[in-house]
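Listed below are the structures to be examined.
Across the two complexes that follow, chain A remains constant while its partner is chain B and subsequently chain C.
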Partner chain A sequence: MKPFTYVVPKDLAEAAAAAAQPDTVLKGAGVDLVDRMKERLQTPQQVVNLLPLKQQLAGVARAADGALQIGALTTLTELEQHAELADPALQALRQSAGMTATPQVRNRATVAGNILQFTRCWYVRSEAFRCLHGGRGPTCLAMTGENRYHAVLGWTDCVRVHPSNLAPPLLALGAEYTTTLDGATRRRALAELFPAEPRAQNPEHTLQAGEIVTALHVPKQPSGARSAYCESREKQSFDWATTACAVRVVLQAGKITAADLVLGAVAPNPLPRPKAAAVLVGEAPSAALFQKAAELAFAGANPLAHNDYKLTIGKAIVRQALDEATR
Partner chain B sequence: MNARTPQEDVKITVGYKALPGQKDDRLEQRTVQPAAGDAPPWDATTQFALVGTDVDRVDGLAKASGRAKYSYDVTFPGMLQAMILRSPVARGKLTVLELDEAARMPGIQAVVALKEIGNKVRFVGDAIAAVAGVNLHLVRDAIERIRAEYEREEHNVDYLVANDAPMVDDKGLVTEDWPADEGMTAALLDAKVTHDATYRVEVQTHSSLETHGGVARWTGNDLEVWLSTQATFGCRGELARALQGKKVDVGSVTIHSEFVGGGFGSKFGAGIEGLALCLLAHAAKAPVKLMLDRFEEHTTTGNRPGALMQARGGVDAEGRIVAWDWRSFGHAGFSGSGGSVAVPNYYTGDAKVRRSHKDLAIDADPPRPMRAPGHPQGWFGAELFLDELAAKAGVDPLAFRLQNDREQIRLDQWRFAAERFGWDAARARANAPGARMRRGVGLSSARWGNLGNPGRPAHGITCRIHQDGTVETRSGAQEPGVGTKTMLAVITAEELGVDLKLVKATVGHTGDPSGPASGGSTVTPSLAPAARHAAFLAKQQLCELVGKHLGVPANEVVCAGGLVGLGKSQLRWAEACKLIGPNPIDVRGQRFANYDSKPFHGSQCGVQMAEVEIDAWTGFVRVTRMFGIQDCGLVITRKLAESQVLGAMIQGVSYALHEQRILDKRTGRMLNGDFLRYKVTGARDLPELECHMHSIANGHDSVGAAGLGEPPSVASAAAIANAVFHALGTPVRHLPITPDKVVQALAKKG
Partner chain C sequence: MTVPPDRGFSRRSFLKGSAAAGVATTGIAAAPAAPAGPTTFGPGLHEIELRINGKARKVEVETRTTLLDALRDGLDLTGAKKVCDRGACGGCTVLVDGVTTTSCMTLAMDAVGSEVTTIESLSDGDAVHPLVQNFVRCDAMQCGFCTPGMVMSSLSCLQRRGQPTVAQMQHDLSGNLCRCGTYGRVMQAIQRTAQGGGK
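Entry: the complex of A and B
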C-alpha cells in the first residue's frame, strides 16, 4: 500500500469537504478498496472513512410517505434481517442481501458500497494489463480474450459486467437515491446512478467528485406487490453471479397488473428489461408466459466467445425469479 | 504381548476379518523374520489399547488457538521482509537488469539477482531478482525501481496447439488415427460392444493456505531456515548445494518446520524463493522473511497438470473387458515433463491392453506432484469411460466393476460400499421426464501402492523417557498437517502402555533423526515402525531398571495400562520413571527393511460413491452425499485417518466441479490467480461425507501401516463425474463440470 492521508470525519459536512479534494476516495467498509490499494491498483492521496458517520447514515426506517429509507452505510446483514424486509414485496431485496459473498462480508459491507462496486473484470483489475477501461490501453482485452464471466448484453467498447447484486432488486422496486454535494441534497431515480452509456471511459457510476450517497429509498409498494431475486453461480459458497434477475410484479385477481424486470451480471450496467416486463402485464402467471419473458429479457444479446452459456442459464434464472415472485 | 527372540521365524496372521455385514474373513498365515533387535510384529490378532481408536489430533488445540507457529509466523528482532521481481514475459531472454537504484533506496538492505543477463525467461512469474528491506511497502517500491528488460519470443500456453499435440477438432476431440496394432484391431472387432471417447481435465493449482517461503538467519557460516516445506532433509541438502553454487561459504544448514500449512506435493524443494531468502539474509547480515503472495502461489509453485485422454475398448457377450486402448497427452509446463496420467490396471485381466502417454510443453509454470500424481486425472477418464461402456452394454456400473475387478479386497469393498450407500435403490430411482432437478449416483475405484521404505541413511526416531514420566518421540521429518505427530505419539504410547497425554511428539527439526519427504504416502509406513522400534528400545531400558528394582528378570517385565512390572510386582509408570535419574532414557530407533516375505497386499484399495443433484435449467451440480471405504493397512489413529479420507473427498469435489487455472493466451498470465476467481469449494458446496476405514494387517513390517495422502484422492472426481452421467443421461467429459458444460451437454442431448 502507498502512504495516504486518512480522514476520519466528525460529520457529513466534514466528510463532504474532504471528499471534494483531489485524488480522494471514499471508503465505506473498504471490502474491495483495501484490496485494490494493497495491490496498488488504486493509489489515492487521501482516503475518507465514512464509517464514523454510521450514526447518521445507517439504518432502515419507514418514511412519512411510506417509502423504506435505507441508510447508505447500512450493512447487508442489517438490511437482510430488518423486520420491514419480511414484506413479500421486498423479498427480492432480502434474498439478494442474504446471498452476497459470505456472512463475514455481509456483516461489514454497506448497501452503498455494494451498489458502487468497481468492476471485477480480471483484465481491468490487473496492473499487468493495459486495457481500454479508464483509458489505460487501446482495446478491451476481455472482448477477444478470456471472457466467460463477461457481458452478453448492452456492451459497446468494454465488456465488463456490473457486479452489484443489490442494484437489480432496488431498480426493480423503483428505488431512488439521495446524495449530498456542496451542501446540496438531491434525490433521483436509482437508474441515474449508472451511466446512460456504459463505455470503457465511464466509471461504474455517475457520482461527481465529492458527491456522497447518503440513502436509498424504496417507494411504498402497492398491495399485491411481490418480488424475487435469483442468481446463477458456479458455487454456493462465496461466488459472484454469472447471471442474475430481479423481478417485481403486482398480482391482482390472479393476473399480473404491473411488472419490472432487471438483469444483473450480464451487462456493464444493471439492466432493466422493460419489454420483457411488459409482456407479463395483463397475463396470468404461467410457465409459457415466463418463458416468453425470459426470451425477451435476452433479446438482442450479443455473447462473446466463451459466455453464450449465460443466455441459457440467464433465461432459466429469469423464469425462476418470476416463478418465485408469483408462487 | 510376549517378547519374542529376534531373527527367529515368527508366525503371524495377515489380512482382515469380514467387513461388517459380510461373512468371509480374509485371513492368512505368514512366517516372517524380523531384523535383529526389532520389535516383534503386530498382526491381525493383536489387541491394541490405543491403536485404531479415535484420539484427538495432538496439536489440534495449538492449531485452532493460534499457538502453533508456522514459518509464516516466525519473527526476529531486526528481521527484514523480502519480495521477488517476476517476469511479465512468458518466453524470452533477459537483456537488461539494473539493480543499483533499488539497492540505494533507504531501508533497502539487500538486492540479489536471480537471473543473469542473457538467461532464458521461461514463464510469466519466472524469478528475476529479490529485494529485502525493512517493510514490504518499501520493498515493493524497490521492486518497481528495478529496471529489467526482455527480448520477447513467441510463446504458447495452450497445450492443445503445442508442437507435438495430436490433431484435435474444434470440440477438443482427438481426430488423429490410433497407432496401428493388429492385435488391438482384432480384439476390438471381436468385442460385442465397443466405445471410443475423449476426456479432458484442466490445471488445478496448488494454492496451499500457507504459501511457500520462510525465514532465514545466519550465525557466522551457519544457516538456520524456518521453511514451509514437506521435505526438511531434502531442502537442507538442496540449499547447501545451491548456496555453494553461488559461492556462499556454508558451514551448516538446519531446517525448522514444525508446522506446515499444507504442501500436497508442491513443497518438496526450497525452490528459488528458498534460495533467494538465504542469499538476501547473507547479504543483509540480518534475518529475512520471504513468503510468496497468493498470486505467486498460484502461478509459480506447480500444479496438478491438465490432460487430454482418449480411450477405446470393448466387452464380450458376458460383459468382460476384452480390449482397452488408452492414450493421453499431458499439460506440462516449460519443462516438458510431469504431465503423466495413471489409469487402473486391475480391470483388464488378460484383455488386449495398450497405453501410451506424451507430455506437451508450453510456456507456463510446470506441474509438481499433487496428491496421487496423475491418478485423479486418469481415473476420471477411465472410470467414466467404463461407465459409458457399461451403459452401452446394458450393464449396471457396479455389476460391471464386480465382474471385471481382479482384486479381492476391492471386491469386498464394492459390496460393502453398495450396501452402506444404498446403491441399488439410488441407482434404480429414475428422474421424471423433463424434471428440473435430476439426481444420479456414481462410483469409482481407487488404488495406491506404497508400504514405506527404510531410507538411506536409515530413517530413525528418537525416543526419550524422562524421570517425570513424560515421553518424547522425535523425528526430523516434517508434518504438513496430515497427523504424523499424532501417529508417532500413539505408536509410542501403545508400545509403552502409557497414557497418550504423557507423550510429546516433535517433528520438523533436522537436528533430529532423518525421515522421508511427505510424498507418495510414505511417511506413516516408513516412520511408524521406527517409532515403534525406538519405544521398544526405550522400554527395554526401563524394564532393566524396574527389573533390578523389583528383583524380577528384566526380560519378563511388562509395560501395560500405565503399570510396569511382573505379576503382582508392579510399579506405577510415574514411580518406575523415577528410577531413571536426571538423564533421560534416550534411544534411537531405526526403520528396518520390510520383511522378505510377501505382504498380504502390496497396495491400497478403495471405493467411493457419490450422489449429485443437478439443476437442469441452470446446470448447477450439487454433490449431496459421498461415501468412501479406504484401506491403509493398519489404522493407527482412526479419527485422523478418516480426516485424511474426508479431506481428499472435499478436494475431489473441488477438482470435479470448481478448480481451473485460466491463462490469458496473449500474455501467458494467469487471470484467476486469487481465491475469488480461482474457485475452491466452500462449506455450502460440500456434501454429507462419510467414510469407513478398512484396517488390514499387511505383515510387511512390525506395524503394517500404509499412508493416506494419495489413496483417497484418486476416486472422488471420477465418482462425481459418473453420478453426473447417471443424472443427466449424458456424460460431461471435461473437468471441472461447471454449469456451462452441463447446459451444453443437455442441449446436445436434446
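Entry: the complex of A and C
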C-alpha cells in the first residue's frame, strides 16, 4: 500500500468537504478498498474514514411511511440478523446478506460498500494487464481472453460483471438510496446508482466526487409479498456469484399479482428483467411458468467463448428463486 | 515496516498526531480549542493506542498499517497469522468488539477505540483456555498455520451459540480455510468444550 493521509471527520459535512478534495477516496470498512490499495490499483493521497459516523449512518429502522431504512454503514451481519429482516417479503435481502463472503467479512463489510464494490474482473484487478476499464489499454482483454466469470448480457465494450449481491434483491424490492453532496440531500431510485450505459470508461456507479451514500430505503411491501435470492458459485464460502437472481412476487389467492426479477453477476450492471417478470403476473406459480420466465430473463444473451454455461445455470437459478419465493 | 523518506514527519507532528488520536478515540466532537476541519493522520509513523486483550497498548503505525501488522510487528503478538493477506483464508482472525474480523483487511487506525481480542488472551503461562486444550485433545490441527484463526472463530461460535449444532459450526467456521482438512476435529473440539470438557 502506498502511504496516505487518513482523515477522521467529525460529521457528514466534514466528510463531504474532505471527499471533494482531489485524489481522495471515501472508506467504510475498507474491505474492498484495502484490497485494491494493496494491489496498487488505487493509490489515493487521502482516505476519508467514514466509520466515526457509524452512529449516524448505521442501523436498520422503520420510517414513518413504513419503509425500511438501512444506514449505509450497517454491516452485512447486522442486516442479516435484524428482526425486521425476518419478514418473508424481505427474505431475498436476508439470504443475500447472509451468504456474502465469510462471517469475518460480513462482520465488517458495509451495505453501501457491498453495492459500491469494484468489479472482480481479473484483468482490471491486475496492474499487469493493459485493460480498457482500468484506463491502462485500448481494449477489453476479457472479451477475447479468459472470460468464464464475465458478462453474458448487457455488455458493449467491457464485459465485467457487477459483483454486488445486495444490489439485485434491493432493486427487486424497489429500493431507493439517499446521498449527500454539497449539503444537499437527494433520494433516488437505486437503479440510478448504476450507469445507464455501463461502458468501459464509466465507473461501476454514478456517484460524483464528494457524494456520500447515507442510506438505503426499502419501501413498505404489500401484503402477500414474498422474495427470494439465489446464486450459483464455485465455492460455498468466500466466493462471488457466477449467476444470481432476486425475485419479489405478490401472491394473492394463489396467483401472482405483481413481480420483479433482477439478475446479478451476468452483466456490467445488476440487471432488472421486466419482461421476464411481466410474464408471471396474473398466473399461478408452476414449473412451466417459471421455465418461461427463466428463458425470458436470458433472452438476447450474448455469451463469450468460455461462459455460455451461465445461461444454463442462470436459468436454473431463476427457477430456484421463483420456487423459493412462491413455496 | 520502513518509513518512506521525506514525508514531513517530525517528532512534533508525531506528538500532535498522538494527541489527536485521543480525540478520535472518544468519538465525540472535538474540544472547543480544536482547529476547524477534520483530524488527519499520517502519512508517516505515529503512535496510536489500541485496546488489546483488555489492556491499553501503544503502538507505532503508519496509516497504511493493517491491524495484523500492528499486532505482529508492532506488539509482538504473533499468534494471528498472515497467510493470504486478502481476507480470504481466516488465518489472521481476531475478535474486534466481540466479532470475528480478518485483521489483514482492517487498518490499525480503524481499530482505535475498539476492543481487540487475540489468541494470546487464551493462555496465561501454562494455563490455557479449555477450547485450546480441546484442540490438542481432539488433534484438531496438523501444520497448525490456520489454528489461531480457527480457534478464534471457534471461540466466537461458542460465545454466540453456547451449544452449537454441526450446521451452526460449519456456518461460523466458513471463513477459515484449513489445507490439512482438520475441520471435523475442530468441530469435535468445539463440541467437547461446549459440553464442559477440558476444564
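The rule is simple: the second predicted complex is superposed on the first by the 326 of 327 C-alpha atoms of A that agree within 3 Å, B and C clash if a C-alpha of one lies under 4 Å from a C-alpha of the other, contacts with A are read in each partner's own complex, and residues count from 1 in each chain.
Going forward, contacts are C-beta pairs under 8 Å (C-beta built on N, C-alpha and C of every residue); 3 or more make two chains touch, one makes a residue touch a chain.
These figures come from a predicted structure and were not determined experimentally.
Legend: residue contacts after superposition of the two complexes on their common chain; A:224 is shown touching neither chain B nor chain C. When the two complexes are overlaid on their common chain A, residue A:137 makes contact with neither chain B nor chain C.
In the superposed model, A:317 makes contact with chain B only, not with chain C.
By the touch criterion defined above, A:122 lies against chain B but remains apart from chain C after alignment on the C-alpha atoms of chain A. In the superposition on chain A, A:272 contacts neither chain B nor chain C. When both complexes are overlaid on chain A, the residue A:237 reaches chain B and chain C alike. Contact with chain B, but none with chain C, is seen for A:145 once the two complexes are overlaid on the shared chain.
Within the superposed three-chain model, A:4 lies in touch with chain C and out of touch with chain B [touch as defined at top]. Between chain B and chain C, more residues of chain A are touched by C.
Shared contact residues of chain A, touching chain B in one structure and chain C in the other: 1-3, 236-238. Residues 1-3, 40, 120, 122-123, 126, 128-129, 141, 145-146, 148-149, 232-240, 242, 309, 312-313, 316-317, 319-320 of chain A touch chain B in their complex.
Chain A contributes residues 1-11, 14-15, 17-18, 29-31, 34-35, 37-38, 46-49, 51-52, 55, 77, 101-105, 107-108, 236-238 to its touches with chain C in the complex.
By the touch criterion stated above, chain C contacts chain A in their complex at residues 4, 7, 24, 27, 29-30, 37-44, 62-64, 66, 85-88, 90, 93, 96, 99-102, 105-107, 109-110, 153, 171-172, 174-175, 177. Interface residues of chain B facing chain A in the complex, by the touch rule stated above, are 88, 137, 140, 615, 617-620, 622, 657-658, 662-667, 669, 671-672, 676-677, 679, 681-685, 738-740, 743-744, 747.
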